[in-house]
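Shared between the two complexes below is chain A, which has chain B as its partner in the first and chain C in the second.
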Partner chain A sequence: MDAKRRLDYATYAVFIALIMCAPLVLEEFWLNRIAKFLVYGMLGVAASLCWGYAGILNLGQGLFFGLGAYMMAMSLKLASPTSLQQGSDKPVPDFMLWNAEPGAPTDLCCINRGSFLWLPFQHQWFGVMMGLLVPVVVAAGLGWVMFRKRIAGVFVSIITLALVLLVRLVLIDAQPLTNGFNGLTDLGYLTIGGFEFDPYSAATYYLVASALSLSLILARMLVETRAGLILQAIRDDQNRVRYLGFDVPVYQIFFFAVSAAIGGIAGILYVVVADFASPTFLDLTFSITMVIWAAVGGRGSLLGACIGAILINTIEARVSETEGFLQAWRAIIGLIFVLVVLFLPRGLAGLANDAGEWLTGRLGGGRRRATAPRVASSE
Partner chain B sequence: MAEIIFIGLSLSSILLLVALGLAITYGAMGVINMAHGELVMAGAYVTVLSGIWLHLNIIAAIPLAFLVTALIGYLIERLVVRRLYGRLLDTLLATWGVAILIQQAVRLEFGLSFFGRHIAGLGVGLQNVTVPEALTGAITIGGVQVNAFRAFIIGVTVVLTFATWLLMYRSSFGVQVRAIMRNPNMAAACGINVQRVNALTFAYGSGLAGVAGVMMSGFKTVFPDMGTPMVVDGFLVVAAGGVGSLLGTILSAGLLGQINGIVASVTNDILARAMVFAVVILIIVLKPRGLFSYRGR
Partner chain C sequence: MPAALTIDGIGVDFSGVKAVDGVSMVIEEGELRVLLGANGAGKTTLMDLISGKTKSTQGQVFLYDTEITNWEEPAIARAGLGRKFQIPSVFKELTVRRNLEVASCHNPRVFANLGFGLPRAARRRLDEVLALTGLTAQAETIAGTLSHGETQWLELGLLIVQNPRVLLLDEPTAGMTAAETHRTAEIIKDLRGSHTILVVEHDMAFVREIAERITVMHLGQVLAEGDIASIESDARVRAAYLGSRGIG
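Showing the complex of A and B:
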């Protein structure tokens, strides 16, 4: 292990130690907020994996986040006290009752035409499993169609963008099942082994922080495997890798699905922390915002993209007490984004990397660094 | 039936109005301008402001909006897009940043709201534009009652499309644009001032967005976020029609508008829009280069 990589791992360790120690200094309100931002950090990791390492600019990452969130929220909705007290021995979501036709049975099986789909979600672990499985299956299916047909570059972005908006509209239209625009609110707590995860508790924070740390470590390990190296080769020159005899789509589909899995888990955790799921998760703006986080933090660095997400959101939360400042901050973010794309394609992580290189060069006698992820040239 | 077709035609004309400018910036120049929707929004605000401050009606606002948005577009090209030719996805990202900036400029009233000053017609709120008497109500065409303003939009779209076709295919400027589209280096070697032509082309595409904005302000509420769904629609129309093909854009706008109208008549507006997205995805998966693509090198 050379000095550069050792420094890299040390940064990961410091970051994980920092987020684990944060509850010691944070009060309840900020703990919950930072937990949300750590979830956004996971989205940054997913974006970096997909965009920085695989060269796939997914403009519909919100799809996987939203699907994960809705699956979890369905289970938690059924676990909420209001759903349990609707005059039936089985839980029924309140919005279904409000919209039920007169005389419809007060039972999840048949209160409206699609409500039976909710039945298995009475088991919380079913919701969790689906929150992970549905995004992965959708991503694998989508990836199979796209990458087998060798669709690349901007066309992948167009398809993912159109798909997230399509699903968003369907979700809104399926009002009897999803509560439409209003989304799922008033949820119960995630319960593991009798322990309830109150969104404002330190336990929930630790749950999110460990999930983020795990996904960071696993993603980092994954890109350092042989498959990860081939993936980066595909990003840099797809045809050359194909001529070398590798089955290019398999690698692309696999990493696309991994990134979707991280997005799905982020969705699940967001619902646990924020206590709601809404169609805004599938807005185009949100999906592109994730890309902004990754770009500012550094798309070629998993940790950089993650820190970018946390940093931008923390600053936004800080300034959002005054409306004028919030609007001005958004303008500043727009400006920063333009400048990053124009002049700093490797983001903050690129700056940190250069600084680290200079440092290790000074200390380690100028040894060459090994494979650090290079930023993919677009198109 | 004729009514549904007219509604489809009206939806198509709105799609085309927004897509026309994108067909030029994306199709001819290879720049995905995500700020296009914000230029539409800027055009709508020009109508609002010229109504309040200059007492101009919506028709008089058309040339004004064209000039203002063309100027904004010119600046975007000079300051941002110029550095990104050949980096398609980066143009998408950078212009998204520009889009945020334009939106915030309107919300913050160019920063004046910080100092407690306000400009009537700008800010975070909703704005409305009154349409002159002559364009309200319904008129009868071939036995079918149609909304006068919608018919007006169709007329404007036809005129703009024709003007764009003339510019691109029947003028020396168009020859230069198409030469650059095929091979910028060769075009430069032939003595075409590539930078100048690119800047003007981008300004023209942006100006079209401004005119689209004037039209939108006549039947939609004007607010800072209004452009985002429009740029998506326009972008999908161009992608489905085939990059670099004006005819493809026209036909794809016609097709998607009709699908939208027909599906909406049997179900609802939300599902109709979802159906449009589904058709676009299908087209791009089956024919990634779009329905009518120009085969470039």
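Showing the complex of A and C:
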């Protein structure tokens, strides 16, 4: 293992150690806030995997996040005390009752036409499983259609962008089932084996931090495999890969689905931490914001994109406490994006990488310098 | 010698335009065949038809005894036919070694490739190919920073590492300096005998250096076939392609 890679792994270890130690110094309010940002960090990982490694610029990552979130929120809605106190021995979401036709039975099976779909969500494990499965199945199906047809580049971005908007519309329109614009609020706690995950507790923070650490490690391992290497080759020249005998769409579908799975899990966790799900998760601006996180952090680095997400959100949270900045924030973030694209195409991770290379070159002296990439170029 | 690549009356009709029209040729195992022809003669289209990029509207292609007519590109590649493109295509953001590692993945299935690294034999083969293509010193260089000639050799290396039974090379010396062209000829001569090779080429110095048998195409059809002396003296070839002054 060369020095650069060792440094790389060390950065992962330091990052994971840092987020694991955060509860020691943070109070409840910030703990919950940072937990949300760590969820965004997972979205950064998903964006980097998809965009940086697979070369697929997904402008609708919010779709997978939103689907995961709603699946979880449906389960947690049924676990909420208000759902349990609607005059029936079975839980019924309050908004369904408010909008029920006169005389409709107070039962999930038939309070309105689609409400039976909620029935299995009484089991929280079902909500969690669907939160993972639905995004994966949607991504695989979408990938199947797009990548088999050899759709690439900006067209993938347009399709994903259109799809997230379409699903958002459907979600809002299916008001009797989804509470439309208002989303799902007043949720119960996620309960695993009798343990309740209070959004403001350290336990919930650790749940999110572990999920982020795991997805970082797994995603990193995945891109280090031969399949990950082939994926990067597809990003660089998919035709060449095809003529080397590989089924390009299968690789693209696989990694697109993995990225969607991370997005889905992020959605699940966000609901646990933030206590609501809303159609704003499927807003275009949110999906594009994810791309900005990844660009600023460095799309070519899983950890970079993750840190980009956490950093931008932490700054945003700080800045928005000052009223004047609150309005200017969008302009500031837009400016940062433009500056990064122009002057730091590899993002903060690229900057850190160059610094690391310089450092290892320094420490290893002339011996290392000869093998450092780019320096050894023949030109 | 068994026939490695048999092309039988292959042709394609692009809504009225027949870019390749009933081309037949048999290339024996271990042979190095050069395909010659003016621009628009249908050389690259013929390669597209063989490698599955373009679907033919007539004729058949056999790789040894297997008919591969109009198969999907990856299936043809897996059957043992490697193709190099006119515009060199390599994986620009990966190092030279990583480029070759991609081609070294033996099993094309995604789940079979969820492991790390390559078996010892594949790594040894990779080092051999690095040496053969003269890229050993550049092994850790990012492919995007290679010179044009080196990029061409790397793409050649991608094919060689897979050990295909038949190699299609589309203008492997395009844009190369004389020294680079000579080096490419050396690589190709190294492959001769162990691989069956079909080369499209314009550079006559290069053709003289490597050619055994030459097939000349003109307007989508085979005009002549033979060794370099008989091609140079063929009156129809002179008229169609070479001009009255002869080859080169």
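As a working rule, the second predicted complex is superposed on the first by the 363 of 379 C-alpha atoms of A that agree within 3 Å, B and C clash if a C-alpha of one lies under 4 Å from a C-alpha of the other, contacts with A are read in each partner's own complex, and residues count from 1 in each chain.
One rule holds in what follows: a residue touches a chain if its C-beta (ideal position, glycine included) is under 8 Å from a C-beta of that chain, and two chains touch if they have at least 3 such contacts.
The shown structure was predicted, so the numbers you read here are calculated from the model rather than taken from an experiment.
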| Dominant contact partner of chain A by residue count, chain C or chain B | B
| request: Could you say whether A:I159 touches chain B, chain C, both of them, or neither, answering first, second, both or neither? | output: first
| Is A:F337 touching the first partner chain B, the second partner chain C, both, or neither of them? | first
| message | One more residue to check, A:N239. First (chain B), second (chain C), both or neither? | response | second
| task | Give one of first, second, both or neither to describe whether A:R33 is in contact with chain B, with chain C, with both, or with none. | result | neither
| message | Contacts for A:V170 in the overlay, against chain B (first) and chain C (second): which applies, first, second, both or neither? | response | first
| query | Is A:A227 in contact with chain B, with chain C, with both, or with neither (first, second, both, neither)? | reply | second
| request: Take the contacts of chain A with chain B and those with chain C, and give the residues found in both. | output: 377-379
| In the complex with chain A, residue positions of chain C that touch it | 51, 73-75, 77-78, 82-83, 85, 89-95, 98-99, 101-103, 105, 108-111, 113-118, 137-138, 140-142, 145-147, 150, 155, 158, 162
| field | Of all residues in chain A, those that touch chain B in their complex | value | 57, 145-146, 149, 151, 153-155, 157-159, 161-163, 165-166, 169-170, 172-173, 284-285, 288, 291-292, 295, 324, 327-328, 330-331, 333-338, 341-342, 345, 377-379
| said: Residue numbers of chain A touching chain C in their complex, please. | reply: 222, 224-227, 229-230, 232-233, 235-237, 239-248, 250-251, 254, 371, 373-374, 376-379
| query | Contact residues on chain B for chain A in the complex? | reply | 32, 80, 83-84, 86-90, 92-94, 96-101, 103-105, 107-108, 111, 113-114, 124, 228, 232, 235-236, 239, 268, 270-271, 273-274, 277-278, 280-281, 284-285, 288
